[in-house]
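The first chain written gets the first letter, and so on, giving A, B and C; residue counts start at 1 in each chain.
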């Protein structure tokens, strides 16, 4: 008890990382289990539990292994990817509002996916590269736009640029979809974002991209921490800020693009997860990113469980739910007395 | 512009808060008519808050502000604007506005939808231009003026408002010495023409030289008020700013000048020296 | 130095104005504004006539004019007056309404980016209207629902934004958040209903002038007219919002009251316009911006904004009908394709000292 109080009274940056990580991880694992145990399909909790241990009938086995397990795993991967990409983007933009979804990355990916659908792909066999390319383009465009006039640090300007790009790309997507009713039908369910009905093979396709992105993240984490002290300091410590920035952008695009390709545009996760991580362990980028690992999946899987429970027997789209959670957090960030800069 | 001997502006136990933080608690103060009053004090003493309270920018949480004996918040906003003008510290004007256009905004309280332009407007604007010595700059863009000129243009806007009372919040804060003198000279001329002027001033020496009446504030309370000679004494300065200093008299105006300023708690030596300092100061005054 | 009221016998107006004067009133008319608005009106008229002539049955401007004044053959008259005129009027009314709303909102927030579309009013109005269309909630008509949505979004943005106009950015971000939640809700509603209903509602959610309920159009006209007249009446005091709150107070206006009236007009206009045309919010950005360019950034060009907004809307609809014919691009999509890059350009180019 005494330990617990002194733990919470400490400044976030003083809290022991291992303890925080373990606590949140336990929650995440709990959520993941819950996600396997409840949901659509006529399999109740006790039956699911015994199925997990190798018993149970054929049908229960199918529901758990073919429906719920992929869904949970996708949630896990997407959560990590979106959380980390948000943290990376905010660190490089030094702007707590920089989030792939808000900045038009998702819209870029959506546009690319719509284009791919028009050109004959179907949502199931969607080439990941397409979405990634779209994400990358969207991401670079906003960052470069904001960079041009040194507006990087003005949070609102960056977000507005993202909103402008998003509305432009959404409009272009609608034009594309007007040509093709089939694509329109397929994409309507994709655009709200979901981890349901995704196959494990989807996950396997994107794993190499995640691996590359993770490697880049590991590589840049140290220079990023020194860039937080200012680009000149980073230069003095022997890092090249420009290279670091481009690498980070690449990682963000790979993470966010793949996540979007699997799960559709899920907004605000990249905003909320690093925000929560910073609240727990302080602004150091390395600590933040480590905490994003359990928090990201926690948010996605948790939200996914809620979507199954709120509107039974139908399901509520995941993207809608994250927007409803994320928007208040966005307001919370802006509502703070002083807009926090990540300098 | 009437200048009665009765105080045109005063407060009745007003309390001003920023959020939940009380800045000024139950303050009573009156300002002498037809004089230049300067409110001085250390940073955060509540002088700007008081001025904002007087000019209705900051609503008091209790108490009254009396304008010619009537509660200012019970009067129609436009009526007050015909009696009391304010020049805030931070001023931002619309883009691409000329000096004359800026001054014309000062006529707003006197105009209405169907009375947009009359002889009185024209005369008031010409008068303001002339008073602020801006006749040759009337058609220049405000952005192209120097700091002192711009500040005079803003004061000219307040002049065009034709109010007997003028409140200024640090009118010279961002100006260099020459421009400061330029603005203070204008303020003196306005007082000579019968206006009652209340200003917040950071620079004690300028306040002492240009004001008739000083109000020294600290922690939301009035520490001393009176003529510059009454207020600028070593004791009051120590209680205000925590400094020791010597005072000399300005050879031309007789206004007190601060010299040899040092921190009060610096050393025992300076404390010991304080009484003799005081004597010297009294001699000087 | 002597200070004396210099008086000359002749009352001359400030330069650039005409003085209209009688015993009981004096009005100042901005010469440049009047010339500009006449030119814009003529442009709107020409574009309107041109757009009436385009369609499956293409008509020359002369035929259109003849049909409008009740001459020419009955077929042409039917096509012009019964089929196309309503759409044109809907475009003009909603364009003007959006644009006035945008101009006022920008003035209140002291930020040219703070248009109703960006701060989420459009999306909220749309979400409420979609709710009404797909039959969720109370059985109010779409326009009443849209107005409710617009008003609640604005109120929320103001409460969260701290109720102050001086900190525009907070207001904007709060609005962005509200807008994205509203958009999510619309998506949610559409994904829950039958695919055909969703398909029907789809062009409507991106903003379109096709298949508008005819009886709503005259209503929209009156509302736009009233909104415009009221804001012109209040224009003199709205101009003060370009100054800081202290200056506004010193000049005898209560800042919050000024803001409230401007926002109220803006919300009503946006709400009704969304109910008729859907969220075509970028008109609210482009219209006032055009007007300011023509006005060389002087004053508060409300009438010019209205005219520019109408022109943009009619042009966008015109382009949407002709560019990819026979496919019709909804007007909201056209304005987004034009307005999005424009917004980006505003953000990218060197910021001026002041935002408005």
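Note that a residue touches a chain if its C-beta (ideal position, glycine included) is under 8 Å from a C-beta of that chain, and two chains touch if they have at least 3 such contacts.
Since the model is a prediction, treat every value here as computed from it, not as a measurement.
Ranked by how far their CA centres sit from the centre of chain A, the chains are topped by B. A simple rule picks the central chain: find each chain's mean C-alpha point, then take the one closest to the mean of all protein C-alpha atoms, which gives C. Centre-to-centre, using mean CA coordinates, chain B is 43 Å away from chain C. If each chain is reduced to the centroid of its CA atoms, chain A and chain C end up 36 Å from each other.
Mean C-alpha position of chain A lies 55 Å from that of chain B.
On the side of chain C, the complex with chain A involves touching residues 113, 118, 160, 162, 169-170, 172-174, 176-178, 180-181, 183-185, 187-188, 190-192, 195, 198-199, 202, 206, 282, 324, 327, 329-330, 332-334, 336-337, 339-341, 343-344, 347-351.
The touching residues of chain B, counted against chain C in their complex, run 52, 55-57, 77-82, 84-88, 90-97, 100-101, 104-106, 108-109, 111, 113-119, 122-123, 126-127, 130-131, 139, 143, 158, 161, 189, 193.
Contacts from chain C toward chain B in the complex involve residues 1, 3-7, 11-15, 17, 19, 21, 24-28, 233, 236-237, 239-240, 242-247, 249-254, 296-299, 352-354, 356.
The touching residues of chain A, when paired with chain C in their complex, are 97, 102, 145-146, 148-149, 151, 155-157, 159-161, 163-165, 167-172, 174-175, 178-179, 184-185, 188-189, 191-192, 267-268, 311, 314, 316-317, 319-320, 323-324, 326-328, 330-331, 334-335, 339.
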